[in-house]
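This is the structure I want to talk about, given as structure tokens.
Letters A, B and C mark the chains in the order given here, with residues in each chain numbered from 1 onward.
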Amino acid sequence: MAHFDPNARPFSHKWMNERLAVDTLQKVLSTEYWIPKNINFLWAMGMILAATFGILLISGIFLLMYYIPDTKQAFDSVNYTVMSEVGYGWLWRHMHGVAASVVFLIIYIHMFTGIYYGSYKKGREMIWLSGMLLFVTFSAEAFSGYMLPWGQMSYWAGMVITNLFSLGSLDFQGLVEWIRGDYVPGQAFLNRFFMLHVLLMPLIIMALIVLHFGTLRIPHVNNQDGEEIDFDAEAQKWKAGLRKESKVIPFNPVFLSKDVFVMSIYFIIYFYLVFYHFEFAMDPVNFDPANPLKTPPHIYPEWYFLWSYEILRPFPKDPGLVAFGFAQVIFFLLPFLDRSPNVAPASRRKPFRCWFWILLVDMIVLTIMGKVPPVGVYTTIGTVAAWVFILLWVTLPIVTKLEKPVRRSK
Amino acid sequence: MSDRRDFFGKALGAFAGLGALGALYAAKRTWDPLPSVKAAGFTTVDLSKAEPNVLYTEMWRGKPIFILKVAKDDKAYSDKRLINVGGDKFFIAIGLCTHLGCIPAYFPDKHKFICACHGGQFDAAGEVLKSPPPSPLVIPPFKVDGKKVVLGEAGPEYKKLQEAGVVA
Amino acid sequence: MKDLKKLGIVVFFTLLVYIGVEPYAHSVMHKHVEGHNFKYPDLKPIAAKGNPETGKALAAACMGCHSIKSQGVPAPMDPVSASGAYGVNPPDLSLIGALLDEKYLAHFLKDPVHTAIVAHKFKDRAYPMPPMATDDQSAADLVAYFKSIAPKEVKPKEAYEFACGRCHEMRYAKWTQIGEVPKTKKNIQTGADLAKLKFNEKLAEYKGNMVKYLGKLPPDLSIIVRARSEEFLETFVEDPQSQLPGTGMPRVGLSKEGYEKVFAYLEEVGDPSKPKREKVGPIVLLYMVVFAFLAYLWYKHQWKDLH
């Protein structure tokens, strides 16, 4: 039975401590949550993602107050009411649109940082898997949000992506119609994607963010050298005042101060984009109202979906779908396909180093080819890049098996 | 060094607070009524065909507006709250009981408004005859324009009523 | 220093993706059309010097179909009947001298179908606008007359209404092909707004006539500045066929200044937040720079004795 001091002043430190254990909470969550000292600015991407998600949430709340999920009114509620009538409505919309695009850039940087430093191995598998789940839910969130302005690109992206669920020659038209609630994307479709975007997906994302943070607790954050650190011993050193000698730092305020600095640089760039260069995140095609009788001459997904879209495109219908499905799940398997015992930066893992850079460049090529029209040489490059992507993953177990144990410098 | 945030941390925190205030200002502006809502806040009513002792109800800013041409034999005919429009005396008020906002009904034979919710009564000039309503029916800002009345705009007649203390 | 190298790598790949999916991909998707700065090089210069007085006498023939409101000449028909007769309502001529290119106008008066580049739409029917000038001299006289009555300053909105507004709706500015949407009031008892219903009926009739004439309804231009690039709009207005071969949109013949007026209005309606962005943007960026500076001080202070 806990002890409650009857004389403690309500809401005083002691009073709160007895009821909520605020001191313990603060220690566990911030001042004695230990992070390795040997890190660089790439370790700030997680906090940047959390902050960007916060921006999406807040700007989304304001947009939600004026958005009308009705096929006849949605377009004007966004493009007229929000953009010209609502005080600062334009600011929320541009912040939301730009953040939705930029968040994927940061996700990809975060992912490739993890791949480069081997932060998915030896106890950190769940960090990777929960992160991949976040990637998938963010993708669903982005796609459902893209439907809402009900412009030409919303409508036709909705048409094309839901058609994927007919699963090629299996021709599951029933499933497609079930997802749409109609024969084509219509009112039912808009309403359910609105629900997904503003309620179900954000709920799942928030739960997954908590899980993702939770998965860090036991294996701890990785460091630049992949060194295994005895966190308890190092924490003792820090507490004894050996700031220089200890290999760890507390999350608050030491790690946080660096995070906030990196984040502030990111926000300078972000707000520059919001005010002066938002076009890249708001495709012109979507400023034409949805027209079920006319497909725009060029349709393409937002940039962050392009690489997987391009894996679908060069193949015939059924193999294309298989390749697309492969691209969607293969990243989940990374911790299990990597057979090397080394947790080290890719620069010290010989064959894997090449594998990493080829993968990165290949995905960029796929991304660019996914946007340009599939004609002539672009088709060839796209097909080759898609095959390279598949082969890279097939050969990953072999590449990592060949790897020699990395010798530690210290 | 303690684990409390140092001076630099506090300075940064204070500056972040300033930014939050800026964001709050933008948020406040987002909640403001839209320009189109405000523009709809003016209603012109033509009173030339009004019959005496017949209640007309108009809509202004989403609220019912009572318009009553007061008959010469009405006890309230000389009330200072009545408005002279082209030689006739009109009672114009927001048709919501000042007690809790129900709409009182007009009884032409009794020359009074009776609120069904809690039994409040008003005369043909909107003065309280029977509580609970604490104050007379509220006169909206208006401007007389010949035989017409523009609701939502404060004209000289409205300002005179304000000076006389009849309306706030 | 190591951090900077890593930052360089991140920035390099980010820019590579950006350049690939934005400027590069769009240059592949959209063909480049060379603009001519509204000089209309395909039209020969007209040497004849016009006389506004002679032109005024010639212009009497225009008034059978056109109004010149600034000169007190009313329209012979209301817009809906005019659309029934001609397909679209003929324009008022008050601003024609201020907004159209002189050379274009002279050629248009001599040979409307080819100057407006609409011959492909009028193979087996007559273009409602007949040639009004038989030679360079009379064309130059008419142009001189229209120039003489042109106001010094044209508002962007007037330019839009003259150049685009008889075919293109702009619902975010409450503009329809037959004028502004009237401010009407509902009947409180029935909830019906008869004046609006009548207006909409007229509008529907006008649009019907226009579809018969043009083949389809021209798009609403409310946010066309966000749906098309500036470059596209400029070259398209200068010569619609260059961007959309076969389109029913005529070459309007705006002068450079005339187009700038029209564009200013398209931007005012389609991108109303531009002045606000320009006002708020520097404040927010300055705030973030100061914030980053303070954050840097804090970071340096926290990390000063760690290595």
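Structure notes:
Just so we're on the same page, a residue touches a chain if its C-beta (ideal position, glycine included) is under 8 Å from a C-beta of that chain, and two chains touch if they have at least 3 such contacts.
The model shown is predicted, which means the values in this text are computed figures rather than measured ones.
By number of C-beta pairs in contact, A-C leads when A-C and A-B are compared. Comparing the CA-atom centres of all chains against that of subunit B, the greatest distance is found for A. A separation of 44 Å divides the Cα centre of subunit B from that of subunit C. Per-chain Cα centroids separate subunit A from subunit C by 41 Å.
With centres set at the average Cα position, the gap from subunit A to subunit B is 52 Å. Annotation for subunit B: residues touching 2 or more other chains are 6, 9, 12.
Each of residues 91, 253, 257, 260 in subunit A touches at least two other chains. The set of subunit C residues that touch two or more partner chains comprises 291, 295, 298, 301-302.
Residue ranges on subunit B touching subunit C, taken from their complex, read 6, 8-9, 11-12, 15-16, 18-19, 22, 43-44, 57-59. The part of subunit A that touches subunit C in the complex is made up of residues 37, 40-42, 76, 79-80, 83-84, 90-91, 94, 105, 109, 243-244, 249, 253-254, 257-258, 260-261, 263-265, 267-268, 271-272, 275-276, 280, 282, 284-285, 287-288, 298, 303, 306, 360, 364, 367-368, 371-373, 378.
Of all the residues in subunit B, the ones that touch subunit A in their complex are 3, 5-6, 9, 12, 23, 26-27, 29-32, 34-36. Residue ranges on subunit A touching subunit B, taken from their complex, read 31, 58, 62, 65, 81, 85-89, 91-92, 250, 252-253, 257, 260. Across the complex, subunit C meets subunit B through its residues 185, 188, 287, 290-291, 294-295, 297-298, 301-302.
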